[in-house]
Amino acid sequence: MVQLGLVGLGKMGFNMRERLRAAGHEVVGYDRNEAVSDSSSLADMVSKLAAPRMVWIMVPAGGPTRDTVDELGELLSEGDLVIDGGNSKFTDDKRNGEVLAAKKIGYLDCGVSGGIWGKENGYGLMVGGAAGDVERAMPIFDALRPDGPREEGFSHAGSVGAGHYAKMIHNGIEYGIMQAYAEGFELMEAAKVIDDVPAVIKGWQRGTVVRSWLLDLLVRALDEDPELDDLEGYVEDSGEGRWTLEEAINNAVPAPVISAALFARFSSRQKDSAAMRAVAALRNQFGGHAVKKVGQ
Amino acid sequence: MVQLGLVGLGKMGFNMRERLRAAGHEVVGYDRNEAVSDSSSLADMVSKLAAPRMVWIMVPAGGPTRDTVDELGELLSEGDLVIDGGNSKFTDDKRNGEVLAAKKIGYLDCGVSGGIWGKENGYGLMVGGAAGDVERAMPIFDALRPDGPREEGFSHAGSVGAGHYAKMIHNGIEYGIMQAYAEGFELMEAAKVIDDVPAVIKGWQRGTVVRSWLLDLLVRALDEDPELDDLEGYVEDSGEGRWTLEEAINNAVPAPVISAALFARFSSRQKDSAAMRAVAALRNQFGGHAVKKVGQ
Amino acid sequence: MVQLGLVGLGKMGFNMRERLRAAGHEVVGYDRNEAVSDSSSLADMVSKLAAPRMVWIMVPAGGPTRDTVDELGELLSEGDLVIDGGNSKFTDDKRNGEVLAAKKIGYLDCGVSGGIWGKENGYGLMVGGAAGDVERAMPIFDALRPDGPREEGFSHAGSVGAGHYAKMIHNGIEYGIMQAYAEGFELMEAAKVIDDVPAVIKGWQRGTVVRSWLLDLLVRALDEDPELDDLEGYVEDSGEGRWTLEEAINNAVPAPVISAALFARFSSRQKDSAAMRAVAALRNQFGGHAVKKVGQ
Amino acid sequence: MVQLGLVGLGKMGFNMRERLRAAGHEVVGYDRNEAVSDSSSLADMVSKLAAPRMVWIMVPAGGPTRDTVDELGELLSEGDLVIDGGNSKFTDDKRNGEVLAAKKIGYLDCGVSGGIWGKENGYGLMVGGAAGDVERAMPIFDALRPDGPREEGFSHAGSVGAGHYAKMIHNGIEYGIMQAYAEGFELMEAAKVIDDVPAVIKGWQRGTVVRSWLLDLLVRALDEDPELDDLEGYVEDSGEGRWTLEEAINNAVPAPVISAALFARFSSRQKDSAAMRAVAALRNQFGGHAVKKVGQ
């Protein structure tokens, strides 16, 4: 059993602490929210850990994670190890790793998938960093990952940054898969050929080529709301889809499906599209085609 | 100077009669709207034409055009010639041509581009049918097409159906071009880097690679409404874009730009997207991500 | 236990006969290939069945299936039931159902998913037709579908045609999902950030959001050929993707992901693209940009 | 008449010197290629200009332009003005402007469109920078831009960077327009309905909605090579398309057409697609579908 400092006890971090403790590990959590925190400050958390220490960061990507890395750089000592399990952009990992390497503190980046189900099912993990550091943190990874063969729920993807890179691609793929199901759902709803669309989708769960965990979740959502009409078709994006598309651009790799899925989210958030106003204006100019005026 | 029966005196047909008469041709128009019609019925129109007759159909595509062809098949005689200048699907032309050929009446299909500007500028024409029939109708085509070399505003595209096929592809391309300008417009509006977006677009009219007639029309629209905010971003489609995409499917030709432009129009007409409700539902299921509930 | 005539003993039909017999049903198969056939002709097969008969068609979609329906219409009697389990277009089902209904023979269309794994895992089934006919064939469906709750591997999607409609949409979704994984794979291969791409993909099998049966198959393919370089990137399409896109057009439903996946297949089969020759020609015209000449 | 230093006398710079001199301006050019240079070094060029000087940079974007700005910062004096007419990314302009502002040297960025035709037709210009600087350089802009109203071939788009931003968007639009024509061309070539595809395209030059300068160039290319089969369908991209897509991502603006056009270029340069190998592998895994093995 190992000891772990865990910074960030939000939805994900809180659940991970549960899962780690259930596996018998000692977790000293820190969160600004005193109600869930095991320590009064980051320094307090560090003081409760025995060297060589291992600290898992689970705070929002970007500034908060970089700041936490910087603070830990001040608080930890040579030979300690930091693992960023948040959704950082892979380019941040290089910077974070260098900040800590300058103090001879190890650094791993760990992409984590599984959402709120991970507490129960385990989390899919993709790790970047030095082999020795990965080996050292393996008890933690083994506790967090799903049961079954390690290599089916965990990978050491490469050097620092590779874990978040793999997670980024994972999420880009996820955007595409979700959109594929979504287009099929809309088409069945629109065409009025299928009498019971939720029943058809439920019937895809076993034996079909499209069976998947996301399909199971879609079935679950349709069980709760068969036409999904309690929701608005408004979808946020959280960064990884954009980064995946940036990487497609940087590597001259065509990514028509992932980009289409991302753009569908952008469109879903627009009340009115300036582009389509321009198209409407053009049609009106050349053809005298009717247009919808605002307020009509 | 020749004599022409013209069926359909709507926005397009009315203007064409004007242009043909201005060129010195004799036009006997027929329209159900007595206020604009030169004859009291299709039969009356035919009776006013000297054999061998030439009749131009300019009524809505589909049923109305097919019905008009059928009626003309009854009213006209061997050696007469019918030209369909409407927006018929190219597959209708085969049928229309055969109906008339059975009575030894000639048939041409003519794709017409230029919208409400055609009366003044002339219409771009794409014709399908037998060379002899094309030759015979050339005075009409020459009057309708723009000034300048005939081959720059007119083509004999092939046998019956080829004219509307060419027009269909023309419109598919048009969808793509309009969407390209529209995306650029939206991006400039959104990015807030350009101080005066209409001025930039106006400045593209001369010398640039993207100069075009559609660009001129966009400038015109922006002159009237600099942010295009009197309009809603709601865009109809009139068939040719869909048919172009069908043909891409039938011929296994990738058409990502034309399909994207068509789908953008479909999306523009949706208040809420079932697909995006499905994506929102999925995100909510796996991540506990916040969703917009209806009424919120 | 029931008795079934089974027409078509190719890759799919042969396996289905095995699975049905293993479940204790009596199958009289017919195939032109004598080596696998249980009967010498369609008539011979029918003669071996006790009325009221049930016959499953598993021959190529289109002409072969329609011809088989027509022949069965001659051979079968009032009260018999025909099930088309092939990949027919849903529009064929209306025609097939009517041919048989005229002779008071029942008709069901059954979309079947699962490929070569179905024999072992069971097949996902989507059925269209009358409830009474569905009920009657249920022992067959129960034998073919996977173990587990019936509604997770079987659906009665609606009236005649709805089964193949559901299967068509299923396959459209499948195109999108496969392309999403494929884009992610290519990007990881290209970016050279991940040291061991197959290991990352294998590590997605448990716990992640993108886990699926298709992912398991991708892992299997990568186990056999880690860079997939024994294959060419040449991908056929079998109809359902095209039909799904046609239906998107017909119903004005945006389907950017499914269309992108289909177009990627079209592109994969082109040695050289006429479209891209046109773009190259344009760049050369305005910019004097270098172009690749044939033979260079 | 004004005096201008011009750095970079390649394809574009050389032509611009011609056009400026034809308009009566004095141009002192510098290029590493002595055969075309008017001066022996950048310093020599500067020494030949009377203060306050105006220098136009027309060298490759990125490093070469930044280096030239840095060198000019050393050579020029307070009150001089530098104009970057190359294809710099707009983010470079901020940096370049600041380098020069630190020495009280003015800076304008000027997006230039028109390619090799600009010498004769004039160049479309989009300028970013301070109004006073723009005013000062106006004689140069007026000489370079096409005849006709200034605002139809020139715009002051905004502050430093806005000129190249406008040019970037211009090129993104250009990608989309070219691809739209290209898809239409390929479809007409493939469908075999049109007898003479080049004649149809030539006939679109007058009167149609899709008439444009790019269309005129396509006609020109087809006059030289009616099936464009002297070329390979291999298309480079020069940066602006990628940057436009990055900006779409950054601003959450859907850009399906521009991205599709960019991805089509990426695909055109691939001998074999890793993504499509993955799709082929998947189809083979689940369906036993035939695949093309390398070497077959």
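Every chain is named by a letter (A, B, C and D) in the order it is written, and numbering of its residues begins at 1.
In the analysis below, a residue touches a chain if its C-beta (ideal position, glycine included) is under 8 Å from a C-beta of that chain, and two chains touch if they have at least 3 such contacts.
Remember, predicted model here, so these are calculated numbers, not experimental data.
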Centroid comparison with subunit D (C-alpha atoms), farthest chain: C
Pair with more cross-chain C-beta pairs in contact, given C-D and B-C: C-D
Inter-chain centre distance, subunit B versus subunit D - centres from mean C-alpha coordinates, in Å: 32
Between subunit C and subunit B, distance of the C-alpha-averaged centres to the nearest whole Å: 38
Cα-centroid distance, subunit C relative to subunit D, in whole angstrom: 47
Contacts with 2+ other chains: residues of subunit C: 114-115, 179, 181, 183, 186, 190, 209, 214, 252-256, 260, 263-264, 267, 273, 275, 286
Residues of subunit A that touch subunit C when the two form their complex: 90, 113-115, 118, 121-126, 145-148, 151-159, 161-162, 165-166, 169-177, 179-181, 183-184, 186-188, 190-191, 193-196, 199-200, 202-215, 244, 247-248, 250-258, 260-261, 263-264
Partner subunit D, residues of subunit A touching it in the complex: 209, 237, 242, 245-246, 249, 252-256, 259-260, 262-264, 266-267, 269-270, 273, 275, 286
Residues on subunit B engaged by subunit A in the complex (per definition of touch): 11, 114-117, 178-179, 181-183, 185-186, 189-190, 214, 217-218, 220-222, 225, 228-236, 256, 264-265, 267-268, 272-294, 296
